[in-house]
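What follows is a short report on a single structure.
By letter and in written order, the chains are A, B, C and D; residue numbering begins at 1 in each of them.
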Amino acid sequence: MIAAGVFGATGYTGYELVQLLTTHPEVEVAFATSRSSAGQRLSDLYPSPLDVRLVAPEEADLDAADVAFFCLPHGESMAAVAAARERTRCIDLSADFRLHDVALYEQWYKVAHVAPELLPGAVYGLSEVYREQVAGADLVANPGCYPTSVLLALYPLARDGHLRGGRVIVDSKSGVSGAGRKLRVGSLFCEVSENFAPYSIGRTHRHLPEMEQELAAWGAEVRVTFSPHLLPVVRGIVSTIYLTLEEGWTVERLVELYQEAYAGEPFVHVLPAGQMVSLAYVNHTNRCALSFADAGVDGNPGNDFIVVSAIDNLIKGASGQAVQNMNLMFGLDETVGLPR
Amino acid sequence: MIAAGVFGATGYTGYELVQLLTTHPEVEVAFATSRSSAGQRLSDLYPSPLDVRLVAPEEADLDAADVAFFCLPHGESMAAVAAARERTRCIDLSADFRLHDVALYEQWYKVAHVAPELLPGAVYGLSEVYREQVAGADLVANPGCYPTSVLLALYPLARDGHLRGGRVIVDSKSGVSGAGRKLRVGSLFCEVSENFAPYSIGRTHRHLPEMEQELAAWGAEVRVTFSPHLLPVVRGIVSTIYLTLEEGWTVERLVELYQEAYAGEPFVHVLPAGQMVSLAYVNHTNRCALSFADAGVDGNPGNDFIVVSAIDNLIKGASGQAVQNMNLMFGLDETVGLPR
Amino acid sequence: MIAAGVFGATGYTGYELVQLLTTHPEVEVAFATSRSSAGQRLSDLYPSPLDVRLVAPEEADLDAADVAFFCLPHGESMAAVAAARERTRCIDLSADFRLHDVALYEQWYKVAHVAPELLPGAVYGLSEVYREQVAGADLVANPGCYPTSVLLALYPLARDGHLRGGRVIVDSKSGVSGAGRKLRVGSLFCEVSENFAPYSIGRTHRHLPEMEQELAAWGAEVRVTFSPHLLPVVRGIVSTIYLTLEEGWTVERLVELYQEAYAGEPFVHVLPAGQMVSLAYVNHTNRCALSFADAGVDGNPGNDFIVVSAIDNLIKGASGQAVQNMNLMFGLDETVGLPR
Amino acid sequence: MIAAGVFGATGYTGYELVQLLTTHPEVEVAFATSRSSAGQRLSDLYPSPLDVRLVAPEEADLDAADVAFFCLPHGESMAAVAAARERTRCIDLSADFRLHDVALYEQWYKVAHVAPELLPGAVYGLSEVYREQVAGADLVANPGCYPTSVLLALYPLARDGHLRGGRVIVDSKSGVSGAGRKLRVGSLFCEVSENFAPYSIGRTHRHLPEMEQELAAWGAEVRVTFSPHLLPVVRGIVSTIYLTLEEGWTVERLVELYQEAYAGEPFVHVLPAGQMVSLAYVNHTNRCALSFADAGVDGNPGNDFIVVSAIDNLIKGASGQAVQNMNLMFGLDETVGLPR
């Protein structure tokens, strides 16, 4: 059995993670922390019988844990990881170790990095792409929800050199749980229900440099435009991605490329031509679904295509992928303990 | 008082229209038709005290009507308009008279046009653009909901010659009422709630030629990509529109252009730089709200911009604009009887 | 024109009230206050073009106002009303002047009453029942949302002496706006969507003594059980009320009694036997809808009946009824400025 | 491995059941039928990768199945069960075998029973109450969703003779999936969202005789009033139940009684005094949660109490309980293959 600890167990991501870990057949929860709710149980904070006692972070017995997950806000997570790293393997769900370039991190997150010496050893935990590195890692930087939905949608094209030049436009729509359980007017039911709006559009969302880092690493040279919108749903992200390819592409050829690239992947579903993804297809699972459309006029002289991807932001976009990475790190079957 | 008749009063558009007309201070409802529910009252079909008796279309007394609205499915509307046109002024909310080119209509709608002789006299009822022609028209083709949201968002740029070359990408999200009250699995609560998905993307949606016709008329030469998505809300459309301009544009300059172009317009709200539209801003009103973002990397060398527009699909996107057009046709203040 | 001031304009009730007042043809808004947002405009706080500047409560020019509305929390409102009462007529939307018995108020609201001398002159503003007293009042205590839905549903029976003995069970369901714009975990979208639960059931909700006071005043001697539940909708209350009558009642006789009792009432809709109320029937209007069912086994030997009522909690349950009361106080037609 | 067949796999209940069965470690799906969609796969009808081929009912190989589930409409199911009963064990999710009294069935369901000879052998599959009979049964009549929520909430009191005389009022609220995937205006998103209403209240809902049959069998002599309401959620039922007990009861004593009665039950959660059930507590699980409140005035002289229960209508209220019954019939641990 793997003894797993969770820092920051009371937010939506932490709660989802504890739920996954408590039903995982190879895991026992070593501890779950909460600064503000130490001494209570998760069943006191959520409508659930989940009988997990919360301890203050200082009480967490790191030596008893084979792995620790960090579901803390960016800026807070790095110090906690730095303190734990010598004593256990770490999976960080914050943004603190995702960007390899410290300066870029500090520019976007407006905070000094307190553990830059750990960055070189941190593996970006996009499981399908960095499977081997994750398996050997002691520190995994779990990807952001939006980047997961976008990068899995672009990886096969980028890897094969088809994203050279031009513009990639990402129009993303996310459920409200992405904003966490923080108290904000914009997350109130009366503000969100029957509403819809863009936010942080135009190069202002912090998930953008994370996407650009990986695309650059894969050889893609593109201008990325990223426009997130807030959907009146609890969970799920759909990203509609517009791109221009070289001559000769068709939807069928795209499907073929992606089915080959993701052959054998248990959690990536490449839909056949003519079928489209939806949140219903992925929610409450660790799936990423991908679909394709030809966007051009007759004959598509502009070579305009659309890739649409969908994930559950709390599972494949956060806690599910974290468990998938833990499975890789401990040599388990990648699918153990994950829905579907 | 204007005596107004409504053909097809029992769908969402027809019902919304009858509600607007019954509270309009200068209108009395001459008749409201329904083929399947003749003899009943609207209060029998909707949770409402709206005490309007439905008659079969054959019983509609066209000579008693100063104007007739047609809320019939495309393909059905044209025959009804043709039969009525000699006896009263007509506002058609279907697609049957929107496309000037009969061949294009027949190609997209897969039905032969039965009244092509009326097309030259039909005015495309985008009120803010064709105000004078609408005022003198005997047949108004009320715009589609998506085209209204897109065309008002592009008109100032197109009119001034700034949309020459390149690609315009329209990522639209619509509430479910856009699909009408027809019984379809895809419109059931259990299929839509907590769900989100694209549909008819990649040059297959019938509102595309309508947008292209108007853009071409305004001198824009662009490849349009149009991607509609189904939102889990009852009403409202947000269109996020990506475009590339010449050098020198900024968000501030866009706001300035649009505020000038729509100065004095009671129903078009151009938001200041930094503020974004939402469905909450427009729903249950006849407003169109417009906002802007710079999508480019530092200095925006690619001159990439985003225009986001929002309307209530049942009001500004259908019945409200139809009443606005009626007001124009009868020399009334354009805002009479319209919410806000 | 009536100059109307609003204290506490930034909550859901205050915002709804300002919207009603700005479109009311006989009213101009003299001031709108906010302690925390003074200096801003309502359009800065809500997705709306509502261009009303907020002032600190101290800046409110009471002498310029013919009437002041108080949308403040209970406990805060009484001091503000006491300070204003000599200078203008007051409509209080809080609970502070609803209970005639100071001790009862202090027991339920856990706060000392600071203006008990005003209680004797305060009129309980259930417009349909206390129309004449409201017209002459200088201080109106606007009813709570739940009590409005329940009292209009019971008044005709109580008034005529048919509620003597036995038990009245009120199972109410309310939209989330009833909890206000306060930041609470329980009002977050992710907690409410796809959820439903009772709260404050079993003689703990503060609207209970208000119902009991009025029922007692009307001669009803019943044990009231009141069970509120939180609905995943923004607005609206449905109260399903179970009662036992003397022998001889039928649904038809109930409809007859209520139609007589509410004859001529513009905002009370008594539905015919066999038809049931719904939120869709009342939302966005000042209506209260009432319907009836026979709950008994064959022949109904137990004389068990059900009354179901529906209102929009923000309109008839708060700001709409406040405007209705203002119309009465200033001799206007009761319906002016109110939806439908 | 148990070979399980499903008749009527394409409705919400059938689809949920097939999902449960395909992830059940001891089951393989022998066949899944659909009259209208034979030849297609479930993945063609639902947004899901569920690759189960649908066959016409005539093609179902009953001899290859150890058990068959029937998710057919009432009136249709009985003939199918009658044809299958000799060849396999049957779990019927329709109402056709729930009422022991043929005349009562025919009165409420307006159809002649075609297999009355099977009624004496049919076991009412309320798992927690009839566990032993279910284990030995060849035909299980799976309870209705509302009756499951109500009967589990009343069983301990009825069993011990505390429901003698008086009235039991059941105010139930159900998600829309209870109405199935049938195409009806009342199930459209635009009719349900932001709406709420009672339906079939006043002794007209067909689940009433089923509740009364079981209560009578347990010795309860009460007048039952049952009022269902339609909630704007996909899944879940909350039943708020009002009852009058003998002197001496308290909430604490109720909790004690229920905790004893349901001790060791894996799927019944008796909440401590002061805590209330919610849909969030039970949805997507096979749980039934129960909570209690004192409804009386000081000292509760009327001995008025409230029991509130919650279940997921598609799982514990239908397919989950059917799997629980199958587990009992085949000697498996009752919880195998069921969520949580």
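Things worth noting here:
As a working rule, a contact is a pair of C-beta atoms (placed from the backbone, for glycine too) under 8 Å apart; a residue touches a chain by one contact, two chains touch by 3 or more.
What you are looking at is a predicted structure, and each value in this text was computed from that prediction instead of being measured.
Most remote from chain A, judged by the distance between CA-atom centroids, is C. By number of C-beta pairs in contact, A-C leads over the other of A-C and B-C. Inter-chain centre distance (chain A to chain C, centres taken as mean C-alpha positions): 46 Å. One inter-chain figure worth recording: chain A and chain B are separated by 38 Å, centre to centre, where each centre is the mean of the chain's CA atoms.
With centres set at the average Cα position, the gap from chain B to chain C is 38 Å.
Across the assembly, chain D contributes 47, 191, 193-195, 197, 232-234, 278, 280 as residues in contact with two or more other chains.
Every residue of chain B that touches chain C in the complex is listed here, in rising order: 23, 46-49, 193-194, 269, 278, 280-281, 284, 287, 340.
Only residues 12, 47, 176-177, 181, 183-185, 187-195, 197, 232-234 of chain B touch chain D when the two sit together in their complex. Contact residues of chain C toward chain D in the complex are 167, 169, 171, 173, 191, 194-199, 201-203, 223, 225, 227, 229, 231-236, 238, 240, 242, 244, 276-280, 283, 293-297, 302, 304, 306, 308, 310.
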